[in-house]
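In the two assemblies presented below, chain A is common to both, partnered first by chain B and then by chain C.
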Partner chain A sequence: MGAQASSAVALPEGVLPAALDALPFGIVLIDQDEQVMYANRPARRLAADDLRIGESVQWASIKQPSIDEPTGGSAAGPNAPRASEISAVTFSGALVGMVRPMRMLVDGLDDAVLIVLSPLPDSEGRGRDPEQLLQEVEAVSQVGSWSWDVEADVVTLSDELFRLHGLLPQSMPATAATVARQYHPEDRAAQFELVDHCRRTGQPFENTHRIVRPDGTVRWRQARGQAVMEDGRAVRIYGTVEDITERVDRERALRHSLDDSRRLAAENESLRHEIESQLSEVRESRLRIVQAGYEARRRLERDLHDGAQQRLTTLGLILRSAQAQLPDGASPALEQALRDALVELQAGLSELRGMARGLHPAILSDEGLLPALESLVARSPLPAQLSADPVGRLPGPIETTAYLVVSEALTNAGRHAAASNAHVTVEHRHELLSVMVSDDGAGGARVEGGNGLRLLSDRVAALDGRLHIDSPLGGGTRLRAELPCA
Partner chain B sequence: MRVAIAEDSLLFRAGLASVLTTAGHAVTASVGSADELIAAVTGDPPDAAIIDIKMPPTHTTEGLQAAAKIASTNPDVGVLVLSQYVEAHYAMRLINERPHGAGYLLKQRVIDVGEFIDSVERVAEGGLVVDPEVVGHLITGAQSVRPLAQLSAREREVLALIAEGKTNSAIAQQLVLTEKTVDSHIRNIFLKLDLPATDQDHRRVLAVLTYLRDTH
Partner chain C sequence: MATTVLIVDDNHGFRAWARVLLERAGYTVAGEAADGASAIAVALESSPEVVLLDVQLPDTDGFEVTRRLRAERSDVTVVLTSTREAVDYGAKLGNSGAVGFLSKDELSAEAFAQVLAGGRDRDHGESATVPG
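After this line comes the complex of A and B, so read on.
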C-alpha cells in the first residue's frame, strides 16, 4: 500500500522531502500526462495511500464559482479544471477529497504541475467517505441508525447508536434479543409489540421509549422504523433512533416548573382570599368600633339631657319654690345663698348642654346632616358659610363622620390656624358624599400633626372613605372628606 | 290663664304645674305624652299648652309634631315648646308650622319664673316667643347675607311689628297708616326678601325669621 513517491522526481534544489512531508496540506506534482510525479505525506494520507507514482490523476470537477481564485500559472493538463472550478481528485478510482488545486508551474520542473490538496474548510466532509460523513452527522445530531436482517437475525447498529446505548462502537455483535435487553423493563413489551407489528404488516412505526445503559442511566429515545417487504414478509427492518433525553428532561423540568407555578398561583390565590377575608373582617370590626363609639356618644348625650339636666332643672324649680316660700324677714344670707345657688345652677345647666352637644348633637340624629351643619356653622366662633347640595337622610355613621369632619376642621381653623373665615361645602353626587372645609388660615395642617386629624382620618377610613388635606404653609387649609354612601 | 302641660318627667311636670298655679294660672291638664295632650286640648281647649320637645315614644321631636297638630285642630291655643337644645332649626320648624301663638324656649328658662310666665302669656295671646340664645345663633349664623339692608326704613318698621306677632290692622293702627298701605308695604317686603309666593301666613313667618336673623 505505501507509496514511495519522493524518489521519482528530482525536487528543486534546497527543498527537502522531509520539509514537504511536514506541510499541513498535500502536494502532488503531476506531469503533462497527468501522471503523479511526487506526493508528500499529507497528500498520500488524503488518498489513503492509494496514491502511486506514475498513476494518472482523474479530475472530477464541481463548479463552485464563489470560491476564491487560486493564484498561479496556467493550467497544465488538458483536463485540468479551470481556476474557477473546484475539483475533486481521485486516485485509483477512490475519491480523495475536495481539494483546491493550486496549479502552477514549478521552477526547474518545466513539465510539472503542482497541485495543492488542501481540503476546503467550507466543504469539509463533502469529499469524504459517505459512511464517515453519516457517522459525523449521527454524532452531531445524536441520531443513530440500525438495520435488522430479519431472516438472519443480525442487527447492524451505527457507531452513534452504540454510543447512544452506552457502548463502544461496534463492540459487540447484535441480535434482536441483545438489543431488546437494553429496553427499559416498563417499555420492553410495548416496543416488542411495535416492532413485531411492523414485521408482520410492514407498517412503519414511530414511538418514544426508554433504554437502560450498562451504567444504569436511563435514556429517552425517539425511534422510527420501517420494513422492507418481500412476498408479504419483512426481510429487513431499519430505522433511526434519536436520543431525546435532554428534551424530555427539559420538558419535564418545564412541566415541573409549570406545576410549581400553578401550585404557587393556587396558593397565592388562597392566601389572597384569606387575606381579603381577614381584611374585610378587620374593616368590619373597625367600622363596628367606630359605630360603637358614635353610639356611646349619642347615648351619653341622651343620658345627660334626660338624666342630669332634667334633674338639675327640676332642682331649679324646687329652689325657686323654696325662694318663694321664704317668710318675710328671712335671713338675707339665706336669700343670697338661694340666689347664688340658682345662678350657679343655670351656669351648670348651660355647661352641661354644651358638653352634651359636643358629644353628639341631637339635631344630627333627629333632623339629619344639613340642619346639624347649619346649626354648627351658625354657632361657630369663626365666621363660616355653608353651601350644600340637597342631602336627605344618610346612614347614621356617615352623618356623624361628616359632621365631625366639619366640626373638627372649623375648630382647627379657628384655634390653630387663626383663620378669619371658613367655607363649608357639601356635595352629594354619584353616591359619594363630599364634605369640604376651606379656610384662610396659616395652613400646615397634617394628619400626623396630632390635632385630631389622625382620628378624623381613621373615622373616614372606617367608612371606606378618604380624607384629603391640602394645607400649604401660609396658604390656608382645604380639607375634603369623601364618603361612599351607596 | 288656662294651661295644659305635657311632660314625661313626673317630677318636672309637678314643678311646672306648681310654678303656674303659684303664679295664679289654672292647669287644665297635666299629662305624660303628646297624644294625651292633643286629646286634652281638644276636649277642653286651654289658652296655652306647654310641651316638652322630647316625648314618648321616640323621644325626638314629638313636641313639634304635637304643636303642628294642635295648630290645625285648635288654632287659637298657643303652644310653648320646651327644649333641651339651642337649635334654630327646631324653632323655625315650629314657627313655620305655627305662625301665631308659638314659642320655643330652653327648658331651663322655667327656673326664671317671671320671664317664663310672661312667655306663656305671650304665646297664649298669639305672640311668637323664641329663646334669646336661639335668636343669638340665628343672628351669628347670617353674617354673609343681610337682606334687610334692601328694605326701606318704613318697611323695616312694619316687619318688626309683624315679628312681634301684630296683625295688619294693629300695625296700621300703631303706625297711623291705612291697612291698604300696610298691605302694600308687606308685599314689598316679601318681594325684596325674595320670599316664595305661597300662602300669606307662610311668607309672613319667613319674613319674621329673616328679621330675627338679621336684626340686633
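After this line comes the complex of A and C, so read on.
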C-alpha cells in the first residue's frame, strides 16, 4: 500500500478507502502527536467516539507497554503503544481488542504509527469474546453461574442467573442474603444448611430446590457448588444453577399421568371384580331359580299323584265295585251312567297323568335320564328313535333340562312342524352332555319364535350350556343342547 | 279254594275298595298293609298267594318289597300297581320279579285275573305278556 501502488494502477476514486473499510480488522494511523490521521470503518466502530480524525487518540491501555528494545528516534505520544508492543486497548473503558502497532514511514511524516486492531467479532463467532460466548451458552442452556466472595459477602451472578431469577441482568447488587430471599420458604432452610456446610467443610454440593420469582412464579432449579479454600476457610464459593422447571413439570405431569393410569387400572380391576362377582351372583341366582322351578314341578307332580290322582283312582274302584254289584235286571240307564262315568274318569285321569308327567316324570327322578327318554320316546305320538351313549346319573337340574329339551323338541316337531319322524341322540363325552333332536318337519323354528324355545334356551344357559337350533324353512329342525356336567 | 291276596297301599280308601272288588270277585283278602315293612311282616305271617303291591310306599318302593318278598318266599306272586302307568317305570318293571303291573285306574277283577293268568303261564314256561 502506498503512493507507489496507487500511482502504478489508476484506481477509481474511493476504491482504496472502501477496500480498507472492508478489512476484518481495524487500522489506525497516528502521527507523533497521537493525532489520528486515518481510521478505517472497523476501527471507528470499535472505538466509537474516541477516534476522530485530526484529534488526539483517547485511549487507555489496560496493560502497561513493556519495552522489548529501545526504539530509535522519538516515539509517538507517551501513552501510545510502541512499535513491537502488543497491548490490550480500551476505548471509553471497554475492551475493544488487541493492538499491534508498527512504525512506518509515510511521505512527509516522521514516526507515524500504524496500529492494527485485532479482528472484530463477526457473525461466525471468529475472535469472539469468551465472556460473551459464555453468556450465550448460559442463555441457551438456561444455566446461570454465580460466585460468592464469602468475606466481602458479594455475590456475582451471571446475566442468565439474573434472568432465571426473573430479574433484569445486573439489575441489583447481590449478597448472600438477597439471593437467599428468593429461595422458596419450604426449601430455604435446607439450602442455607447446604451452602453453609460447603462453606464450613469445603465439600461440593448439589441439590434441587425452588425459588420464587418477584412475580410469584415458582421455578425448580438444580444447583451445584464448590468452595475455594484458603487456610482451611472458604474464601469463595461458586457454582452453577440450571433451571429444571420444565423438566420437573414434565416429570410431575408424567407422574400424575402414571398415577392416573394406576388409579384407573385399579378402578378397572375393582370394577371387573365387582362385575364378575355380580355376574357370578346372577349365574347362581339364575341356577337357583331354574332349580327352584324344577323342584316346584316335581312337588306338584307328587302332590297330584298323592292327592287328586289317588282320589280319582279310588273313585274308579268305587264305581267299578258299584258296577259289579248291580243286580241282574238293574236299570240300563244306571248301567250306562256307570259306564259313562268310568270312561270320563279314565279320560280325566289320563289327562291328569299326562299333565303330571309333563311337569316332572317320576321315572326321571327314579331312574335317570336315559330310562326317562326311552319312556318319552315310547309314549311320543310322533314316531321317534333314541340313540344314546351310556349315561349314568347326572345332577338333577342337568337331567331335567336335557329331558325337557327332548320333550319340547318332540312336541314342537309333531305339533308345529308336522314332522313324520324324529331322532333323538344323546352323547356324553368329555364332561359334556349333548342332546340332539332332529326331525323331518317344516323347519323355521327360532328361539325368538315362541314354542317354548326361549324358555328352553334360558334353562340351558342357566347351567352354562348352549342351545343351537338349525331349522331352515322346509329343511327340518336340528336342535342341540350342550350341557357341561363337570 | 279261593286265592289269598295281601293288599299293600298307603291309601286306606284304595285298600278298602280293592278289598271289596277282589272279595266280590271271589278272592280271599288275607290282610292289608300300609307300608313296605309291614307288608313283609304280614306276608310272612299270613302267607298270601298273591300280593297286590303299590309301587309308591312311604318307607320304600314296591320294587324293593318285591325283591325281599321273593327272596323270602319264591312262590309268592306279586302284582304291582300304581296311579302311574307302566311306561312311567320303564324297564324296571320287567326286572322287578313281579308277574305283572296294573295301573290303579285299570284295576278290575277281570284285569287282575288276566295278569295272574299271564304270570301263571310264565311260571309254566310259556310266553307271557308283562303289562306295560
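By definition in this document, the second predicted complex is superposed on the first by the 346 of 486 C-alpha atoms of A that agree within 3 Å, B and C clash if a C-alpha of one lies under 4 Å from a C-alpha of the other, contacts with A are read in each partner's own complex, and residues count from 1 in each chain.
Operating definition for what follows: a contact is a pair of C-beta atoms (placed from the backbone, for glycine too) under 8 Å apart; a residue touches a chain by one contact, two chains touch by 3 or more.
For clarity, every value in this text was computed on a predicted model and none was experimentally measured.
After superposition onto chain A, the partners chain B and chain C occupy overlapping space and clash. In the superposed model, A:Ala324 lies in contact with both chain B and chain C. Using the contact criterion defined above for the overlaid structures, shared-chain residue A:His305 touches chain B and also reaches chain C. After overlaying the two complexes on the shared chain, residue contacts for A:Ala333 are found with neither chain B nor chain C. Looking at the shared chain after the overlay, A:Gln385 reaches chain B, while chain C stays out of its contact range. Of the two partner chains placed by superposition, A:Ala177 touches none, neither chain B nor chain C. Touch criterion met: A:Val377 reaches chain B, while chain C stays clear of it.
Shared contact residues of chain A, touching chain B in one structure and chain C in the other: 305-306, 309-311, 313-314, 316-318, 320-321, 324, 345-346, 349, 353, 357, 361-363, 366-367, 371, 374-375, 378-379. On chain A, the positions that touch chain B within their shared complex are 302, 305-306, 309-311, 313-314, 316-321, 324, 342, 345-346, 349-350, 353, 356-357, 361-363, 365-367, 371, 374-375, 377-379, 383, 385.
By the touch rule above, chain A contacts chain C in their complex via residues 305-306, 309-314, 316-318, 320-321, 324-325, 345-346, 349, 353, 357, 361-363, 366-367, 371-372, 374-375, 378-379.
Put simply, chain B touches chain A in their complex at residues 9, 11-12, 15-16, 18-19, 22, 54, 59-61, 84-90, 106-108, 110-113, 137-138, 140-144. Those residues of chain C that touch chain A in the complex are listed here as 11, 13-14, 17-18, 20-21, 24-25, 56, 61, 83-85, 87-92, 104-105, 107-109.
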